[in-house]
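Look for subunit A in each of the two complexes below; its partner is subunit B in the first and subunit C in the second.
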Partner chain A sequence: MNHAQSDWTVDFLKQLNTTGCEVEQIDIASTALWQIESNHWQQFAELALQQDLRWVAGWAEHIQDRFFINACFEKQGVYVLLRTIVNAAKLDLPSQATVYPAASRSERHTQDMFGINFIGHPDNRRWTRHKAWPKHSYPLHKDFPVQGTPEPITLPDMDYPFIKAHGAGVYEIPVGPVHAGIIEPGHFRFQAVGELILNLEERLGYVHKGIEKIAEGRTPESLARLAGRVSGDATIGHCWAACMAMEQAAGIEIPPRAALIRGILAERERVANHLGDMGAICNDVAFMFAQMQFTRLRELWLRTNAKVFNHRLLMDRIIPGGVVCDLSDSSCALIKQDIVQLRKELSDILPAVDLNSSLEDRLYTAGYLPPETAAAFGTLGYVGRASGQDKDVRRDAPYPPYDQVIFKVPVETQGDVASRFWMRYKEIKVALKLIEQFIAHLASGDILAEWQTPPTGSESLGMVEGWRGEIVTYIRFGADNKIARFYPRDPSILNWPALERLVLDNIVPDFPVCNKSLNGSYSGNDL
Partner chain B sequence: MSWLIAILQTMLFATLAPLLAGWLKWCKCRLQNRKAPSLFQPYRDLIKLTNKQPVVAGHASWLFTIAPYIIFSATVLAATVVPLIAVDLPTSASADVIVMVGFFAFARFFLALAGLDIGTAFGGMGSSREMTISSLAEPAMLMAIFTLTMTASTTNLSVAISHVLNEGLVLRPSFVFALFALILVAVAETGRVPVDNPATHLELTMIHEAMILEYSGRHLALIEWASQLKLMLYGVLIANIFFPWGIAETFNLKTLGYGLLAIMGKLAVLAIFLAVSETLVAKMRLFRVQEYLGFAYLLGLLGMLSHIILETSR
Partner chain C sequence: MLRLFKKILTTGIVTESFKTPKDDELEQLGIEIKRHLDKEFSGSIAIREVDAGSCNACELEIHALNNPFYDIERFGIHFVASPRHADVLLVTGPVSRHMQTALLRTYEATPNPKWVVAVGDCAACGGEFGVSYASCGAVSNVIPVDVAIPGCPPTPLALMKGLLGLMKG
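Moving on, here comes the complex of A and B:
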């Protein structure tokens, strides 16, 4: 399996060489790092697309007077980190967004944070920068102060050039950033005719917290805590991805028991969030009965978290080198008993949901995301898997403890809200089985490996299947065990653009349920 | 004397409406396996809102501030037309069912204007949806009511109710059709699931709530109270036209007391039915509402046809 997988990199490297794109291969922990000249940046993307590589992530880093621009690609579970270096004197780079639409917002983010000019970018409006810092100042430059340059009053962000629609009967609906429900802030701009959505434009960035900036100079423990707060509902996913990257950079193997407990934590997080989402989807079409039931189940699940792991939402349970809390036999018994209970309850509630024709009428065919669009945007997690994207890091690039177990990854091509609803249910079923297997495998031993200071400049990529999908985290250490660069790529960054597509030709009042079926993280996107 | 009772009856309408809303909420909560708020919570909410200072947008016109008073008054006036605990009251003699529908339309007109007045996208969206739905609901409602009034040969509710009382328990196919038509219309007109969701926070899905999003304080209290009244009005209409037994025909304490108990019992049962149906169904897609109200209109029409074919004796 591994041989067949690595084949494409060999062939692809040959192809790159014949086309004159010279690749310098550098060894880093975990992944292949290919360094190319900046003038081949776009050409590489074109060749990569021909080879069906998936664009995964893009970020940059300021080192002295140079800028490292990185992009990550994946095929068949093999990740390649692509890098080019541009000089501060001339911050130009051909855009990859012309080839990969998924790279568009990421490049806009890099443009706002570093001042790098992506030549030929189809849409180079500002993205992360609202009005909180001035136009020609770039927060991720090393000379930018960590506390920022706060004005006494932040200017209102009035002049963002939204896409306009003209014509008789076309009207615009601005929604947010402050919403009536208790959700995160984000702005949605609709152009509609009657109730039909002509266009939707997202304007995110309201939860920009400067996570990349404040990560610099942290110790591993401190960074793990920060990573756990990139997106609160995916705290295990992000924390794990960050710890994985740090451990690889430092050359540490975590004890098998710690890996299994991490697996249990991740699957518990997945189940809790999926339960909450299934209820929320029902709530958005005013089917309150199901919402209350799912909310109740989620609450019971979280209470077990509190009992077993001392934290309802599992924050800071994963630390560099292992996990914080061990599992006693009685805890294992409680978890197993919980799973039996949850299965029984779900088998009572789901027929009531499945057989409800009024609910069916709302969920089926609403918010259809065609598999081709999902592929073009690199859509991840349950959104991608409901639209035929057969991707799962746990299976494709298995990391402990998932390399010890066999499990199915459900995939559908139906692509509508109903499909994303049932996809969550299928994933819950898989997660419950996984937890049972992990508990059965639970080896005795340590739960924490001793930390070793990684060499200066060591870097790594951590890939984890969070509950929303693949989380990719890049870490580079500086001197003295301090973080030099931290970039977490939440799956929402790739899923948000899909929302703009899947609501087209739906009616305005169906938007909330379409949005909820995708449930992107605002915080994880805005960083 | 009868005028006094008429005034008392209208006041009773206004005071009992929040209780009905509280009872409905209680039933829904229990059906969802939740603890329910007190039955008197709607009163507390109204008092709380009344004591709060209303916040009015800077560019709101006079229309925005007077609309809640107009809406509330028009709904109270509509309530005077409907016999609650007694028939043959002077207020119901002076106005008929078409006037009542007119009062509703009047209130709705100002509500829609107020929604537009503030200039937000949500208000305009809500007004547009409300008008779309009402243009379908009003004919359906009139059709259902005309079926009843043809039997009694009058559009006066009080007389029609007396007529049903005098006829005794007769099974009329036309009444069954009209009953279902009126129930469907009532659900749509009072903004209940599956047409609208009064408990939602999702602006884009709202109809009634979207128009009143900008209201606060006593303005909001009046509008909330008016919609509670409207819910009760439809409930009373259904209860007293189709099941009028128990309503007072003479004015003395005993009959009036029985009348009050009877209507409260009937409304409580109706609310249970509504709560069960709201628990069982999800809200329908907005563009299904026309099919739904078209069906209500058809039921009303069938009711009238069956009246003409089966019940008219030559």
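Moving on, here comes the complex of A and C:
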């Protein structure tokens, strides 16, 4: 962190002081931790918004008879962890969602899982809870048993109060949770007139698997495995963020070679997913040429993963302290040769795609997300960067090995499906260069640092740029090397609400391509 | 358009085929699957994929079955959009409690005779998630399962072997 960057925290602390919002500064492993009184919770958000701070994540924790409520903010690559403590006797807290729309679903999740009452929340309907546990029962309370008390058959969530629309010619289309394609489950409720979408409401939570609860009491290795399955397509991203947080809490530095290999893994994951998505976007407008070509390239890429790293999707390649598999010289040569080949193939395919007028007709101007809306919802990754959000953890808060390389972060303001398609292509090009640089930097050395048990209560935040965007993971250790709290914030949590906006005034048949252009994770959202 | 046709022509056919095998295992599997399909399923089966709580990794590999390398449709196996058109349900994930009724209804909507394949470690035995307040664990805890294909996630080849296992009964 350089001096210029940290300036805003100094000024902001002064401003908070003058407005009567007292901040107690606590040092934790990675990030500044500011603790405030609960009655200043909303006021803090108002001041933060004035200072252009970005709302990053929110979560809570049950410790004895108190609840720690956390929110994370960021500006210029500097993250601040904000905390307040409320007593179990009175679980009230002023809502920050009134100030930051991005905080809305997160607060609803905390409300469902902890029973915190966010006063003044603009939409306090339940979110993660369907019918698997009763209303006044909260799974993340320490006295809630991990097995719960489920009914033999969990009833469907029939009485969720969806937003209604009335009027001549207005009709509703319910979609899901079981979709027509090979995709994850979720429910979408459209209000339409003719083909035009008047409103879309997402109802997620169908793949809620209790990840936060079953993380409690795990060892670091076991948690890394679980983190790698928060969202299977982003296994490297989540596993890395969790391991980073655990390593910081334990005071471990990973060997430089391990960091470089993690970088290669992360960029390979980015390329594989972007290739898949680019094909799928074209498939959703029935342009099969591109779908076949991109799935072919993705398959080749995954086969190299299997050869070099012994797993097509790279699961469990990152472990606490480093990585599992080393890279031989011949593997490096294979990876480099693959990159040359992929560049050549893409330079054939992309002009053919670019020149196709029917594709142009479907992708351009469809699903437009204005930069202001993207900013208000804290939209991340390629979705944000296609709508002017110049954010990338790899550059803004560089972590090894990204601190050793120079690279560009592509940003556009076009904000439509086409922009999100081409953003992926630009990101592939950057990722390929990064892999080459990481290979060039590889020097012989260890790939695993020795683990040491972190002190009881130590906590940390891990931040990485996953392929969908910024992943923020919070870890607190309990006694004996066991996890007390794990909260992974997938970028999808912030990107899903943007979908509700960008489909407005589009036609219903364009919903699949709009959805694919965003490609949020259901599993990463529902936890 | 010329560029497009040129790319199609120069790419050629990458599908790992019967006659000019690039991958012996795939060829062998394909022939065997086709033989059983012809004999017992009148030439084809229709699959409805149901994600009942997976992390999406299994879906990615099921998708890969349709890429031009595996092109599973040439063996008479195709994916359909409705359970009402399906012979086989391919179920992934531990069954989340929030998906339990949806899975039961999908199963009921599938006409008899029907088969259920549990795909991936989570579907086979609960995997990393097991049984909890939010998860029913293995698919067999919710609906009858004919074949389980383990793996986290199973590779496309493992998926094809599993489907063959189903046909051999």
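To be clear about the criterion, the second predicted complex is superposed on the first by the 526 of 527 C-alpha atoms of A that agree within 3 Å, B and C clash if a C-alpha of one lies under 4 Å from a C-alpha of the other, contacts with A are read in each partner's own complex, and residues count from 1 in each chain.
In the analysis below, contacts are C-beta pairs under 8 Å (C-beta built on N, C-alpha and C of every residue); 3 or more make two chains touch, one makes a residue touch a chain.
Computed from a prediction, not measured in an experiment: that's the story for all the values here.
By the touch criterion stated above, A:Gly415 is placed in contact with neither subunit B nor subunit C. In the superposed model, A:Ala180 makes contact with both subunit B and subunit C. Once the two complexes are overlaid on the shared chain, A:Val207 sits against subunit C while remaining clear of subunit B.
In the superposition on chain A, A:Met292 makes contact with both subunit B and subunit C.
Using the contact criterion defined above for the overlaid structures, shared-chain residue A:Leu355 touches subunit C, although it does not reach subunit B.
Of the two partner chains placed by superposition, only subunit B is touched by A:Pro512; subunit C is not.
With both structures placed on the common chain, the touch criterion links A:Pro94 to neither subunit B nor subunit C. Once chain A of one complex is fitted onto chain A of the other, the partner contacts of A:Val146 are limited to subunit C, with no touch recorded for subunit B.
More residues of subunit A lie in contact with C than with the other chain of the pair subunit B and subunit C. Look at A:Asp284: by the touch rule set out above, it reaches subunit B but stays clear of subunit C. On subunit A, the patch touched by subunit B and the patch touched by subunit C overlap at residues 180-181, 289, 292-293, 296, 356.
Subunit C makes touch with subunit A in their complex at residues 1, 3-4, 6-8, 10-11, 14, 49-64, 66-69, 79, 81-83, 93-94, 96-102, 104, 106, 127-135, 152-153, 155. For subunit A in complex with subunit C, the residues that touch the partner chain are 130-133, 139, 144-150, 153-157, 177-178, 180-185, 205-211, 213-214, 225-226, 229-233, 235, 276, 289, 292-293, 295-296, 298-299, 302, 306, 312-313, 315, 348-349, 351-352, 355-356, 521-523, 526.
The residues of subunit A lying in touch with subunit B in their complex are 171-175, 179-181, 195, 282, 284-289, 292-293, 296, 356, 358-359, 361-362, 507-512. Remark: subunit B residues 28, 31-34, 121-122, 124-125, 193-194, 197, 199-205, 213, 278-288 touch subunit A in the complex.
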